[in-house]
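Worksheet: one structure, shown below.
The letters A, B, C, D and E name the chains in turn, as written, and every chain counts its residues from 1.
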């Protein structure tokens, strides 16, 4: 009898093959521990203030901003898949749509949570809405991210309401049905919002006239990094989605989506990555030869500081840009799952390097002639609170995978037919 | 007529004594927290040592006070603040930081090329009773906000009130002198209205010895420096610092 | 009617909708953000009417004039007094934080006997007992003040000795005592910086608060700073690029410990090349010996000597007690001439120095004006007055003395001053604890002593009687034009400064019998160590820590 | 469905009632003034008609705010009448030399800089324009303090919604701004904050 | 944010930015409100019940969605695409004319020809007074044994087709039994009289279509044998060959006999729970 009590099978969708509850708890336990540590670290930072971090007046942005930018870039798979499925009607990507939404929700809610710890006065953060400075890229980011998080919540609700127990409440099920019908509208709004905030995150640094390493000219009010960020985000978003799905397949030992979905994602990622690498190279050349000299700087002096030398530039553009683009597009490597996933990993690392360079390296470099090159090591509070966000992501994803219909068309669950 | 308050700092006269730093901190109720270090401290006025990079008797050193430059053009911090906690005061040209509005995102700190902005990493605190020695004209900032030099605006307020009490519209320039200017024992810091061509400070700013830091960024700082020594004047050029090359090449 | 789960749900939805249209979320949002602007644990500045008063800083012997902003009876800000002819509106950096010193955590609040709390009556009893048992020594840091005369006469009464701990600047003048006649104590000598055209500093931290902060820095900034051909040439001879060396017209980098050799070498060049008219005994050291020791070339020394005398008057200043430099000044003819070493006031008695051995003393009483790091060379019982506990030094009795502006006292000429000055520092703040100055303590033991207030009153009357000098207050008034002694004293009580007329003749009779053979080892000391207060203002500690401008003084970093 | 509407409406009503009636009472705590001072009585008995006779400017143009006990002591150096509040004033404050700790309805936080000299002497505003008319009040107004922000209720004003507030009710930043906007005065943040 | 609030400026950038923001926000809010209103409308028009059933039906395994005509042997294989709603099935008449080829064989369960069966394991018995009696079938009885509790509807309650008619608890598991017919409850039978519910149907039973969605005759047998087959698969020990505890016959009170089995799945499949 007791074994019957300790089960969650009532909550698991009919016919879905899930591991036993105790095994699931064993899987969750370390992540819950990490989450608890993260929550404690966040509490410490909120209670005592940001002196708990190793950030300082020069390194005013640290690990958190870099990782925020990173996970928001990787979370771009959500809006981009929605855009492909609902706006461009690429129905073949339908099987990963739900998982894309959940990933997006995790990335954005995690990023917003970190931002709330990262600002010195979270209780006053709403001032941005009441007294917005429309010239600031950060205002645009704040507005778009909050709206988009709202959209992601709304997109997540239909998936959530499909839970076996929740759907038993008729009002939930009907609401889910009606909301689901309106999801294309949300996907459209999401695309619009994401386009702007992904760009504005790039613009955040591109507009910094005072940081010649990051400063870029651009189009109208948008520096070139605005467009590069959008491109790199939509190029790596599908790759990250692919990686997450493949990891879930590996962990669960099931084939969750058809192989051709992977190939399709790989192709899209590769194509966009190729365009991005080309654009990034042109941008770098323009910056090296025109933008920076016009500001009076010899750009190569930025690369004299170890460890942020030219190898980082090479890695960002060639090793983690051009190479994965080639691997994703070249028919023979793209046909091989291992190569495909390897290339996707490289692409994701590439976008992280890009975000790292634009945040951490920009701040580390001196601007005044008598400045020093500075480095900074995050404190355990910073690392732990971010670890907490990772754990939060894994837990939310695990719960979603276990209790919600994330992958509706799968071979292992072939009896299950999606209603499309 | 609106004023454009600015400074000309004669680096040849600066002995690096630090009186300006202390006077500034005292005037603006900056806490002297024992936890703070050089990287997390609060020094709205910070004197830094510069050198020509020479060795032995070839070595030359000078001191340069760094404060908010009150950039006039495309003020980097003003444009980035998401909630208008920074503004350029129209009447005075002072770049104003409003700690009560600030949410502590620190974007302005990354935007400022002069590193003249400081974050309150800690709650301000003084030994018991010492709060009685705080300057009543300046509100103590709370932790989690950015602050910087506001050109001792409490003194501007006092001057305004004095003028109003006397029924005058314009303040007497002698009533508004920032604490660092007043404290400098060698009178190296000159403060005045750059918009007034008769103001000696305005005239000095056009001297061939005058320069501004990172002038090529075109932020048009209202803090000018002045030196007869060419190696000091070379600071106005980017990537010029011999110290930088000496250290890192 | 049964309440179902659905009802709760619908009720909640209705309540949520209602909340949106009620002030609750919006007002809370607003109030919570206002709360963050007024966190109750953030200290609030004092309320109350603001007044600006004047006084003198008594934390070191320089006695700089300062304007003190007061709010609600507390000092809340300090600034220089531009009308003061000595400081000319300048102060040392530490001064800008002194108004916070009275609340320093290391403030002495009660009498302590061997680190244990005690009381004034016990301290008085212990000192009275010591007076009865043997000779006592009283050490003073600011000789010549009204309080000093109480200390000196008490020591005399008790058959003890009165000694002084002189400032570095005054100690640098000690070698001249032996050179001039009639004997003039070092504390009556000064430097006529204003008229010097060339100043050769042997490691003296001239731009670092040396002498009266402000006096030399103002002079330098007006006549030397940034000028390719300055009116005042400052030549700094020092082994390292100190702050003064950085800003000097010429920095002569020499090997550490070779200042005496360079002085001897320079003297030789001056005499041999007939660059000076004076003749005097020379050191046995040849120019090439000096070159070898200083690591300068022989021609560099000769050049330096020629440069020195190119623009007279020339004044050599030593950073510490250094007879060789005095000898060099003698060779240069700078002793007793305008722009050189001058007599400031009438010859007075020579003081016994505090660093001489103190044998057979029963007790040593150290006044609060003595720098904290002075440790008497004795094992007698030590009664130490101090406003702040500096930590490491031995004291059997720690007696809380008045802190910043808590005492009515007088201020004499600063150590390097070329003219005699007198000022009265009014008490601006009420003491927060039971504190007594050493003079008050002694008066309480033996009430026959005149208290310092009466002495100050007496001095004012004496000065007025001479009808000489000028009073620098709100306006500048020659004493001769003042109506009464009361008016004179009233002006001084508002922290006006009396300045004596410049001595008519600066010349001194002096003689150098032989080139001094040795001099004490260099004592590299931080300028702030000359300060009498045992602790630094918290803001100065902040400056030390948060800027790379100054290295923290070793013992004062707390 | 109608049951649902009823339940929903009930929830709505409870929330609205709680928000508009109970919440303000819970948010503000009431504090008594140390002494019951009546403007009207003082105006009538002493013939004072001008606020500035007690609420004066100092010589340097700074507004002195509430009069110090010295002013009260002019008449109240000893008991006038037998009321309890009179006893408190005279015995507790005037004779002991301790200033009466008045609760100031219009006290602004430390970060606000407000110059009475500029507003009264230069711009010619009347006291009542901002403070309402106190001179003829014949009872002591309750001082209400916001439990969260610590502000006097006068800052927000007595209207919770602030939509129907009377002139002189409310001293929030937006009230200052409204007045400045009406008069075409632009001061920026620096104008009012310290 | 709004005109009059500090920081608002009548500049083009401001107007564009805020208009876009409010447009986005309005769209999001409008979408949510629209979904809420449509939900309310669905409930108002009784459309919600259909929607729920359709959603549940769509999530049924394919094996559970066999067309009755396949069960009757008229067709080789057909999956129902009309949510078992034979009353509105366009193909019904097309297939119903074909002869039934189902084989009736005894499954050891008491299924009578005068009752009609719903796939949620309930039976319907039309009474002469125009009411119908509905109850739980033998298969379900065998599974549940003696339940811990029954929650029957109250007299006067309206039941809707395929919605929960009554709830049963057994071993802490709650089972919702789907109503085989819409109507008003006129009587209920307790434990003494056997558990049943008597309905006055909403539709006129004289209309031949009124009960057309219920299984009858040979269909019942094929349907049941599929059900038993599925049960065999579900109750077998992992790795063992399909078998029933008593060699083919359903044992009474299977839930009591095999407490460790995956009853969530079994019950869900049996009572057409999604």
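FYI, contacts are C-beta pairs under 8 Å (C-beta built on N, C-alpha and C of every residue); 3 or more make two chains touch, one makes a residue touch a chain.
Quick caveat: nothing in here was measured; it's all calculated off a predicted structure.
Trainee: Measuring centre to centre, with centres taken as mean CA positions, what chain is farthest from subunit A?
Mentor: Farthest from subunit A by mean C-alpha position: C.
Trainee: Based on mean C-alpha positions, which chain is nearest the centroid of every protein C-alpha shown?
Mentor: B
Trainee: Could you find the chain whose CA centre sits the greatest distance from that of subunit B?
Mentor: E
Trainee: If you tally contacting C-beta pairs, which comes out ahead, A-B or C-D? Let me know.
Mentor: So, comparing the two chain pairs, more contacts are at A-B.
Trainee: Taking each chain's centre as its mean C-alpha position, how far apart are subunit B and subunit D in Å?
Mentor: Roughly 38 Å separates the two chain centres.
Trainee: Determine the centre-to-centre distance between subunit B and subunit C, using the mean Cα coordinates as centres, and give it in whole Å.
Mentor: The computed centroid separation for subunit B versus subunit C comes out at 29 Å.
Trainee: How far is the middle of subunit D from the middle of subunit E, if each middle is the mean of its Cα atoms, in Å?
Mentor: 68
Trainee: Please tell me the distance, in whole Å, between the geometric centres of subunit A and subunit D computed from their C-alpha atoms.
Mentor: Chain centres of subunit A and subunit D, defined by C-alpha means, are spaced 52 Å apart.
Trainee: Where in subunit B do residues touch two or more of the other chains?
Mentor: In subunit B, residues 37, 41, 48, 83-84, 100-101, 123, 137-140, 142, 144 touch at least two other chains, as defined above.
Trainee: Could you say which residues in subunit E touch two or more other chains, in rising order?
Mentor: Counting only residues that touch two or more other chains, subunit E contributes 5-7, 43.
Trainee: Two or more other chains touching the same residue: where does that happen in subunit D?
Mentor: Those would be 60, 62, 109-111.
Trainee: So in the complex, which bits of subunit D are touching subunit B?
Mentor: Per the touch definition, subunit D meets subunit B at residues 57, 60-62, 109-111, 113, 115, 117-118, 121-122, 186-191, 193-194.
Trainee: If you look only at subunit E, which of its residues touch subunit A in the complex?
Mentor: Result: residues 1, 5-7, 11, 13-14, 17-18, 21, 24-25, 27-28, 31-32, 34-36, 38-39, 42-43, 48-49, 51-52, 55-56, 58-59, 61-63, 171-173, 176, 259-260, 262-265, 268-269, 273-274 of subunit E touch subunit A.
Trainee: Name, in rising order, each residue of subunit B that touches subunit C in their complex.
Mentor: My answer: residues 10, 12-13, 15-19, 21-23, 25-27, 29-30, 32-34, 36-38, 41-43, 46-49, 56-57, 59-63, 100, 123-140, 142, 144, 179, 182-183, 185-188, 227-229.
Trainee: Quick one: which bits of subunit B touch subunit D in the complex? Just the residue numbers, please.
Mentor: For this pair, the touching residues of subunit B are 87, 89-92, 94, 96, 98-101, 137-140, 150, 153-154, 156-157, 160-162, 164-167, 169.
Trainee: Considering the complex alone, what residue numbers of subunit C touch subunit D?
Mentor: Those in contact with subunit D are residues 6-7, 10-19, 21-24, 27-28, 31-32, 34-35, 37-38, 40, 44-45, 49-50.
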